[in-house]
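See below for the structure under consideration.
Per-chain numbering from 1; labels A, B, C and D assigned in written order.
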Amino acid sequence: MSRWMRLGLPVAAVVLALVFSGVVATLVLLFTGDDVVGFWRVLFTWPSERDLVDIINMTAILYLSGAAAAIGFRMNLFNIGVEGQYRLAGLFAGAFAAQGLLPGKLNVAAAILVAMAVGALWAGIAGVLRVWRGVSEVISTIMLNAIAGSLIGFLLVKWGESTGNARNTKMMPEDSWTGFFRLFPDVSDGAYHLSLLAPLVGIAFFILVYYTRFGFDLRAAGASESAAVSSGVSVKKMIVVSMLLSGAVAGLIGVPMMFSEAHQYGSAFQTGLGFTGIAVALLGRNHPMGIAFGALIFAFLGQQANLLNILAGVSPDIVNMTQGIIVLSVVIAFEVIRRLATRIEQRQVATQLDAERQGDTALKGASA
Amino acid sequence: MSAPVASTAPVTTPSSQWQRRLRVRNLTLIAIVGFALLSLVRVITGAQELTSAGTIQAALTSSIPIAMAGLGGLWSERAGIVNIGLEGMMILGTFGAGYFGYHYGSIAGILGAIVLGMIGGLLHGIATVYFGVDHIVSGVAINIIALGAAGFLAETYFTGLEGGGPTQSPPLPAPMTINVDFLDNPLASIEAKQWFFVSDFAGLLRVFVNDLPVLTILCLALFVLTFWVLWRTKFGLRLRSCGEEPAAAESLGVNVYNYKMIAVVISGGLSGLGGAFLAMVASSGFQVGQTGGRGYIGLAAMIFGNWRPGGLLLGSGLFGYTQALPLRREATVSIHALLLLVAILLLLVAAYQLWRKNTLQAVSGAVFGAAFLVWYLSTDVVPSDFTKMAPYVTTLLVLALASQRLRMPKADGLVYRRGSAG
Amino acid sequence: GKTSSEKDNNASGSSSVDVCKGSKGEPKVGVAYDVGGRGDQSFNDSAYRGLEKAVKDLGASCIEAKATTSDNDSIREQRLQTLADQGFNPVIAVGFLYSPAAAKVAKANPNTNFAVIDGYSTTIATDAKNLSDLVFAENEGSYLVGVAAALTSKSKHVGFIGGTHGDLIKKFEAGYVAGVKSIDPKIKIDIQYLTEDPSDAATGFENPAGGKQAATAMYQGGADVVYHAAGKSGLGLFEAAVAAGEGKWAIGVDSDQYLTAAKDQQPHILTSMLKRIDTAVFEFVTAFKEGKVQSGFVNYDLKVDGVGYSTSGGFVDPIKAQIDAAADKIKSGEVKVPEKP
Amino acid sequence: MTKDLQAVPAIELRGIGKRFPGVIANHDIDITITSGTIHALVGENGAGKSTLMKILYGVQKPDSGTIAVNGHQVSLSSPSDAIAIGVGMVFQHFMLADNFTVLENVVLGAEKIAGIGDDARNRIRQISDDYGFDLDPDDLVEDLGVGERQRVEILKVLYRGAKIIILDEPTAVLVPQEVDALFDNLRELKDQGHTLIFISHKLDEVLSVADDITVIRKGTTVASVKPAEVNARQLAELMVGSVLPSPSTEGSTVTDKVLLEVIDLELDDATGRPELVDIDFAIHAGEILGIAGVEGNGQTELVETIIGMRRQARGTIMLAGEEISEWSTRRRRETGVGYIPEDRHRHGLLLDAPLWENRILGHQTRPPSVKGPFLNPPGAKADTGRIVSAYDVRTPGITTTARALSGGNQQKFIVGREMSSDPILLIASHPTRGVDVGAQAAIWGHIKRARKAGLAVLLISADLDELIGLSDTIKVILRGKLVATFDPQSVTPQQLGSAMTGADAISEERS
């Protein structure tokens, strides 16, 4: 298959899926008698500089979440627990940073490690239950999410402190606050310093998966567990390790925003990112580059959706629904082109073999 | 993501004997023994709420939506389609109940819920059966779509209605309930005696003579019906064959795609019915976010029940019970009493494993059992902060104990393409 | 959508008429709701009623924006900022979650006035002149309904259902418990929160099924008056009271829930703890119109009728005197109602 | 057999054509099958036999041509259509649901005949008794052996009252004695008026049982012969148009150096049941040890234990003087164990990955695939190129996915890969299964060459000719035990077959 097709087909598929989803959304809006024009106008208005900053930040955060889910997917593990992992990790990182045990940015670095460790640990429970007791990680991570929620509540009540009606961890020392990269002179905030974690994770993910022995084992085990086992991969180890990695990356999700904005864990800490990350990973086909694309689309749509009911009187839920349709139609489109590509490739193989065989027969015919 | 089987089910393949052992009679036995143990714990600990009629009623109410989602999962997974979209189909069901129930009465609400759930199932079926999309991916997408759609439609159709709003339907008419008044009082007096087992059983019976919603009966009847259809009819045999060995089924003239589609659409309808129960019986109206993950728990209950209706019923009962108990009075005491139950169960398992000469399992069972016993003896209550974790911790514990005995349909989660026979 | 405005005419509940659609005039009030949104029949609806009054009495116009469970500070900021950008002034944010966002946006938009219901934003932007936190003495209001509960209970057994187990709702609990105990320290009080997860609004505040189960358990256990501070989950309490039958009472919260309850529920709604968000909103808009906005914390306590109890249905008429006496003691400072349980 | 029946052929296929994307599986097929006969189809791998039969059974629709059954033209759009007119098919691979009982497997799709209850059960017992199948309708299929499963397949067809029965390579997994029993069944069926279509690669079988033989080459019918008129060699030449190669042992290259030594090896399954009992053997450098056995007697388990995928309960495995019993699979492979798995799709390849990534599989810790902890794509690609040309893997390039290759080419690639890092031990399970004659000869050549260079080979095969032709020693495995040792120079397939079934006595009774 030509290089052009290899790259072109997926892009075409995504575009087609996006268009299709847009059509469905339009039809729904027409059916309910909503303001279709307003909907599209709001969606396609170029975001303000301030909104662009938000989109960039959200892209970084969703990237982390998508990457966390994707690491599991790569190993055929369905880590629904990203949600619980990053919340718990955020709590511990916030609480740790608030102690100010280390000076300045060292404290930040240590808190990041704490976040990764807690995320990994929480995910690791599911991994260990899977290899040790055969408990499906789909179920165990759902349970662990719920348990994490209660646990967070308990810990906050027990050791947190109150600000107004909100309950938070202690504010971290100011020298541990991270700032913003100012992107526009007129916008006071910019990209969170720690949003750099996203490209770092992306690069690490890319190298790990595609350029290391470990990554090869991971992909092999994900593509065919039986083949991987025969090739010497210890699937149990891979399950636990990829769960730990997935959890460690999940632990990072809440970190950029917390260190740049709230400087504490509490009511401002955003929830629901773990679930969005799953969709982002699926949209990006679990590929480091694809996830970036998926994160951008979701961040953009999320940001614009927030304006919908103010500017067009349309419920932002229509955008949530459309996001789901995008995911479904993109995977359908990918499946269709995958079949198409396989067919094209097999045809090529067959043509070549035929040509060779014909050559053989011709030779034999000549010699006979 | 080509082989989701590995991710949704235990890897082990136990002997076929376990299959046959887990049949109806044994399940009944398990249920009775479990209930007796519970009664024993109640007597020992004095935590009366453990088996009060109220608790059992609440547990039943909590169980039914889970059970219906699980039954939906059972239908679709028996035909080989993993359905993690149950949650979404249930959400569609709650909306359907809200919309049709408000406008056209409770029967229409139930039917509407079923139909909307079926639409979710249809979508899942088209994606997985015809397009060969990974089952879990499709299920996740359907959950997102359903959540968004229900929110959007609710805002569109319920805003401005009396008692309704952008995130909720107006109050819905309550579906019928059944009362057998003359039995209630005698049963209540027996229950009040606090005798071992007898009183508990009377409490259990009271649930069925006291404001028993007709919908509950219907849902329970569906279990019997499911068992009969799937295991006793030609249709069921064909449907199950699609989940075990679709190529063989196709080679014998079974239209695999059709059966898978039918199964997954029925699956959606059942989840939708679970949604209707939530919106109309468990509360009296549609709410955004009302399902609260019950679809997922239904899936867990189904796995726990080894892909069989009886086991599923047991599993749903367990989850419903552990969900209901923390909302009862003196939950901190009741949940504390459960520690004793867990300890007893673990020690029993340990003894059984010892008898089977599985030393490692026996030892780990005994260690955990002893730990729970110590926990029970050294405390008086479980802090309320932890009672809400009970259903989830129980699920994990139970699955950790039971997962390796489970056997899912062989082709569950695998994409089947027409013409693969031979 | 369009459908909602079409149905405006035949809707009778005051909370459901869409007053912002088509409203024109000054001031242009922007409102950002908390999770749950308008239609919750308590918290958000109370804000809406204030808005409605402002439109009707002051000729104001308005726009509403809704929140989702997965909002973050940036999204909230964007919401408030967009309202300001659209020329809305003042902008009212409902719910303390808006505090950090409002603090930021207020600084960036010095010419727009912002208010946060239940907020603590002015502890963040301490010197902002255009920022107000409208806060309530929920504990005092809860104390009064606690008194009502204690006086009404025949079984000497009452209950409280909270949404999420956070500081705000604990304030309700504390006041209620103190009120009950002030009448009879021996009264048994069942306390139940629907979730321990502070972020799980769905289980805490949007879960009538859970509210119903918790309430049913309390009624079955002998409680005969149950008070809720659980948003929409409280609707389950009313259903449970109906199912529990004659002599079982429920107490509403935030708004006068007797008015929005179904007919069969009304005979069971003893009273409601009023948290006059409507008053606060209306007064804030009025003050804005008159150019007399007070920045910083604005306290709505019993003294200024910021909290109270409702008398619809007339069930508390026989004990009104005692409740009012308790209120007087609080106003006079003789009784100090605790904020924490 | 009446004259009338013979006058109307059971099946007439005229001008059948079928193409798949890029492949012409069938074209201009013309076959006439006389009623009440056993008609054999022979042809190379991929010649289009199975495709043709699937067309006849309604699984696939032909692009062109006509089918007439008993003189009536038919159009078959699904297996039900075929079943309805009395055509039944036993597929190349078992089509049985393991978790169903025999009864459920049989009645599936044919519930109309006798329901799914006791009537059906009796009917199955009846058929089972009539043909001596010895099957209990309530047994779970997963508890049955290969031979029994084969009989369930035939029972399925008979249950539906099929008069025309297609058997696609029914003997591939059977030992000689089972084959004989099967043929007895077939002849009995023929005597009762059934028409049988029979596909096999084993030409002597074909010659012994068939009444007519049709040869298919490259998708079309090239000859129709009577068994009396041809011998196996001529038949093979018709199939391939070239001379039939066969493995012939050359001079022994066995040395004194023991490379693999297995001592008292035992393996238990999850429930503690023994799967391997008391296994003892040694393989020297330059030696090929062949293991013969009926499928399912522990071959797979033996291989998986030696490669480290399963852990022995007792016993020792020594490789080149070192004990490796507790080593991981990876470590064993690093030490120089090559592995040609019996199921290449499940254990040998990442089907959707390009060939060069498949080159890395199983060698992901060794050069040229890796450098330190990193992959070395250029190295892997270069070596893939070498394998493709050295082993004559027919592929457009090394970035082609493994799935796109035909089975034979996939197998050649695997052999090339496993030979590439100079293994000291090669474990070869069915190295030429499903591979056509040309490729088969090439693979044998490679194995022999490596042996000469001092490689030790553990060869598992169902093809007794292959075992006899390649091995220096043959051991027979039965129910997890090594029960006999033969010298390939002197042993006959019949002797091997007897040992494999553990029933020398029985085979004598029969003959």
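Observations on the structure shown:
Methods note: a contact is a pair of C-beta atoms (placed from the backbone, for glycine too) under 8 Å apart; a residue touches a chain by one contact, two chains touch by 3 or more.
Small disclaimer: the values here were computed from a predicted structure and weren't measured.
Contact count check for A-B and A-C (C-beta pairs in contact): higher for A-B. Each chain gets a centre from the mean of its Cα atoms; for chain A and chain B, those two points are 30 Å apart. Rounded to a whole number, the gap between the C-alpha centres of chain B and chain C is 36 angstrom. Separation between the centroids of chain B and chain D, computed from CA atoms only, is 44 Å.
Shown for chain B are the residues in touch with two or more other chains, namely 2, 12, 155-157, 166, 385, 388. Looking at chain C, one finds that residues 1, 3, 66, 69, 165, 195-197 touch two or more other chains.
Counting partner chains per residue, chain D has residues 352 touching two or more of them. A list of each chain pair in contact follows: A-B, A-C, A-D, B-C, B-D. The residues of chain B lying in touch with chain D in their complex are 2, 12, 14-16, 19, 232-234, 237-238, 240-241, 244-245, 247-255, 407, 409-410, 419, 421-422.
Across the complex, chain B is touched by residues 28, 32, 34, 73, 76-78, 129, 133-140, 142-144, 146-147, 150-151, 153-154, 157-158, 222-225, 278-279, 282, 286, 315, 317-325, 327-328, 331-332, 335-336, 339 of chain A. The touching residues of chain D, counted against chain B in their complex, run 50, 53-54, 57, 59-60, 78-80, 83, 89, 91-93, 95-100, 104-105, 107-111, 115-116, 140, 142-143, 156, 168, 270-271, 352.
Residue ranges on chain C touching chain A, taken from their complex, read 1-3, 30, 63-66, 68-75, 77-79, 81-83, 85-86, 96-97, 99-100, 108, 118-120, 123, 133, 135, 164-168, 171, 195-200. Interface residues of chain A, counted against chain C in their complex, comprise 32-35, 48, 50-51, 54, 57-58, 87, 146, 149-150, 152-154, 156-157, 162-167, 188, 257, 261-262, 267-273, 276, 302-303, 306-307, 309-311, 313-316.
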